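Report on the following structure.
Labels run A, B, C and D following the written order; every chain starts at residue 1.
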Amino acid sequence: MTLHTGSTAPADADRRAALRAGGGLGLLGALTALGLLPPSAVRAEWTRAGFDAKSVAQALSDAGLGGGVNAEQIQLEAPEIAENGAVVPIRVFTSLAGVDRIAILVEKNPTILSSVFELPDGTEPSIVTRVKMAETCRLIAAVRSDAKVYLASKEVKVTLGGCGG
Amino acid sequence: MGDPMKIKAALMDGVTEVKVLMRHPMETGLRKDESGALVPAWFITEVTATHVDRVVLRAQFGTSVARNPYLAFRFKGGQPGDRITVSWVDSKGDRRSDEATIG
Amino acid sequence: MAEVTGARAGAATHKALGVGRAARAIAAAWPWVAAILLWSGADTAMAAGGASDPVDAAIARYHEMLDEGNPAELDEMRGEQLWKTAAGPAHASLEGCDLGRGPGVVKGAYAELPRLFADTGRVQDLESRLITCMTGLQGIPESEIVAKPFSTDSARSDIEALVAYVAGQSRGVTMRVPVHDAKEKGAYALGERLFFYRAGPYDFSCASCHSSNGSRIRLQELPNLSTTAGAQRAYTSWPAYRVSQGLFRSFQWRLYDCFRQQRFPEPVYASDATIALTMFIAANANGAVYNGPGIKR
Amino acid sequence: MRRGRCTAARTRALAVALVVLGGGALAPVALQAADPAPDARFKQLLQQDFRPRGGAGMDRLEQDPVQKICTETHDRPPAGPREALQKEQLEAIRWPADGHFLGDWRAGEKVAQDGRGMTWSDLPGAVSGGGCYGCHQISPQEIAFGTIGPSLLQLGRKRGASPQMQRYVYGHIYDAKAYNLCSTMPRFGFSGALTEQQIKDLVALLLDPDSPVNRP
């Protein structure tokens, strides 16, 4: 199959502003209004920064995860070979304490930043999710612990599948 | 309003593991349909999970998250029978919220 | 190109395991006799081969990670709703539908299909039986049901969701497809014949891809459906969510798309031919624990 | 299918098939085929339960003599009819008029990668691929290869690229059944799936010393 993965709009300021006003805080605002969430759950820093970035470094920096170093404590589990790039399972976990943010990136996708997770106190630094991969490349996990950023990466080969028709 | 999510929450050794399946096309905006026309971008932008009334996970998704997203995470605490709520909102402003109890 | 055999590198190594050349010759000449003799040996070889090859091991790891969360569960949920909701001109639910274990009994029904139904006098698989119930109980015209039986990106199929629900209700149940009645035996025999029927511009039969152990197309494992072990592994994991399409797929779809790749004309949905072929594969899987709906590439 | 040629061959092998059934060497198959009721029922099944779609017409369900004898013998035809039919298939190969077999290996790699063609969802008349990686290991950089057929890695290095070898590989891709009657491999030239140029490009992919297949 042909896999198209990408950002939804050029990386322009208008788009970012729209996302901040719309998708970014919309749900929390609505939930707060419905009384499902206490107002304290809405944090001003929670914006969609990084999803328009065109490099891994830029995406990490925009997502508040710049300046990271590779660390053995970060475990990134993914298959060596993905039978299909449309669904690639990934598990990120760490023995580090005080983790409050985890991000998953796909190095060669049009949209490099896949997801960002905010972990309140009491939530364990362990995330399982699935990404799309347009081609063979590295998956990158960034973990913020006590204001320091740690990285792990793993190359996943994306293959053609089936009878090809 | 989208399809219901499938949420499983299980307590083991003081840690609750939550597994969520969401139905969503997660269109990138770059895919073409059978007629060759671009399918507009349409994807979940944000997910929030709460245990009773406390947020236990917040996530932002981009278009590189796979179709029909799967998410699993763990948090300390939680008792059998406690309510877990998972909510998402997507790039069109559609939203969905579903509940499960810790088993 | 068997005559210009070069190095059998990579995953081909596992083909050399276990079953010897002479035994394979016997298997080719008298597959049924040979299958009985070789079942256990061949299976052991297949398992060992898969683990010893790094590519196969990586693919196995990919599947293992996918198994943790199967979006087919969303289709099971939707199918259960459809089953229990009044619909059609008769404003009836499908809760009175007899899938072979009596009206309304869903649990374990899929593990005993296809089977002969006295009321229709036909051997039916799940999908043809669902058509019987949707027309009979709900009054939905058959033409409407079979017009678009398979989901697309833009239109979801109700019958595929119902399949997900019913199949899921046999999870953990041992396969016991009846091949007792003459009509059931007849369906099995016709299915067997269709399985081995070579035709079309590429000379393919089902057996071209599905009658040897441990083979792959690209990286996809090809179950040997002519053996108990192969049929068990394959049939008990269908219907399934296809990650490459992001859609849930029924067994009728599986056969339909195999015939497409076989370069055959299109099989008619829920026809006797497709039911016969299903009967052949499902009955070969008897004795296995049903473990679907599955998740596939 | 090129109907004319197939039909001519079909008539001859019908006689061959009858000889096989009379011989009694393949008792289980012969017994099955001798029972007229399942035969009629099976033909009826094919006619009623398939329908033409796109380029895939109902004529595709009619077996030619090769398909028929391979089906009836579970791909183990007796030597006599096997040799007769293989000879027929070999005679039906249309060799390149210019006498050259080696095309462009880069184009051959594309043909080997492309698995489309001749299904009901392909446009009739559209260019087909060979789908070779579905069954064979070929270039070393492609890890997603099937194992139904043998690995062709290093084929040219191992077997050379002499004119005879080039002709043999060309013929094999054109009509594998000319060499092994019940081979699983499609008859890519005979069926019209691949053009002469595409087959030459595949021969180059497999035998050209510069092709990645043959690099040390």
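Going forward, contacts are C-beta pairs under 8 Å (C-beta built on N, C-alpha and C of every residue); 3 or more make two chains touch, one makes a residue touch a chain.
Note that the structure is a prediction, hence the values are computed from the model and not measured.
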{"item": "Interface with more contacting C-beta pairs, comparing A-D to A-B", "value": "A-B"}
{"item": "Between chain D and chain B, distance of the C-alpha-averaged centres to the nearest whole Å", "value": "49"}
{"item": "Chain centre separation (chain A, chain B; CA means) in Å", "value": "14"}
{"item": "Centroid distance [mean C-alpha coordinates] between chain C and chain A, Å", "value": "37"}
{"item": "Per-residue multi-chain contacts in chain A, two or more chains", "value": "81, 86-87, 89, 128, 159-165"}
{"item": "Set of chain C residues in contact with two or more other chains", "value": "55, 68-69, 217-220, 243, 246, 261"}
{"item": "Multi-chain contact residues (two or more partners), chain D", "value": "119, 121, 133-134, 143-144"}
{"item": "Full enumeration of touching chain pairs", "value": "A-B, A-C, A-D, B-C, C-D"}
{"item": "Chain D-facing residues of chain A, complex", "value": "81, 157, 159-165"}
{"item": "Residues of chain B touching chain A in the complex", "value": "15, 19, 26, 28-32, 41, 43, 45-46, 48, 50, 53-67, 69-77, 85, 87-91, 93, 95, 97"}
{"item": "Partner chain B, residues of chain A touching it in the complex", "value": "4-9, 19, 22-24, 26-28, 30-31, 36-38, 41, 46, 48, 51, 86-89, 106, 109-120, 122-124, 126-132"}
{"item": "Interfacial residue positions of chain D with respect to chain C in the complex", "value": "1, 26, 28, 32, 38, 41-42, 45-46, 48-53, 56-58, 60-63, 66-67, 70-71, 74-76, 118-121, 133-137, 143-155, 158-159, 168-169, 172, 176-177, 179-180, 183-187, 191-193"}
{"item": "Touching residues (chain side chain C, partner chain B) in the complex", "value": "68-71, 73-74, 77-78, 153-154, 241, 243, 246"}
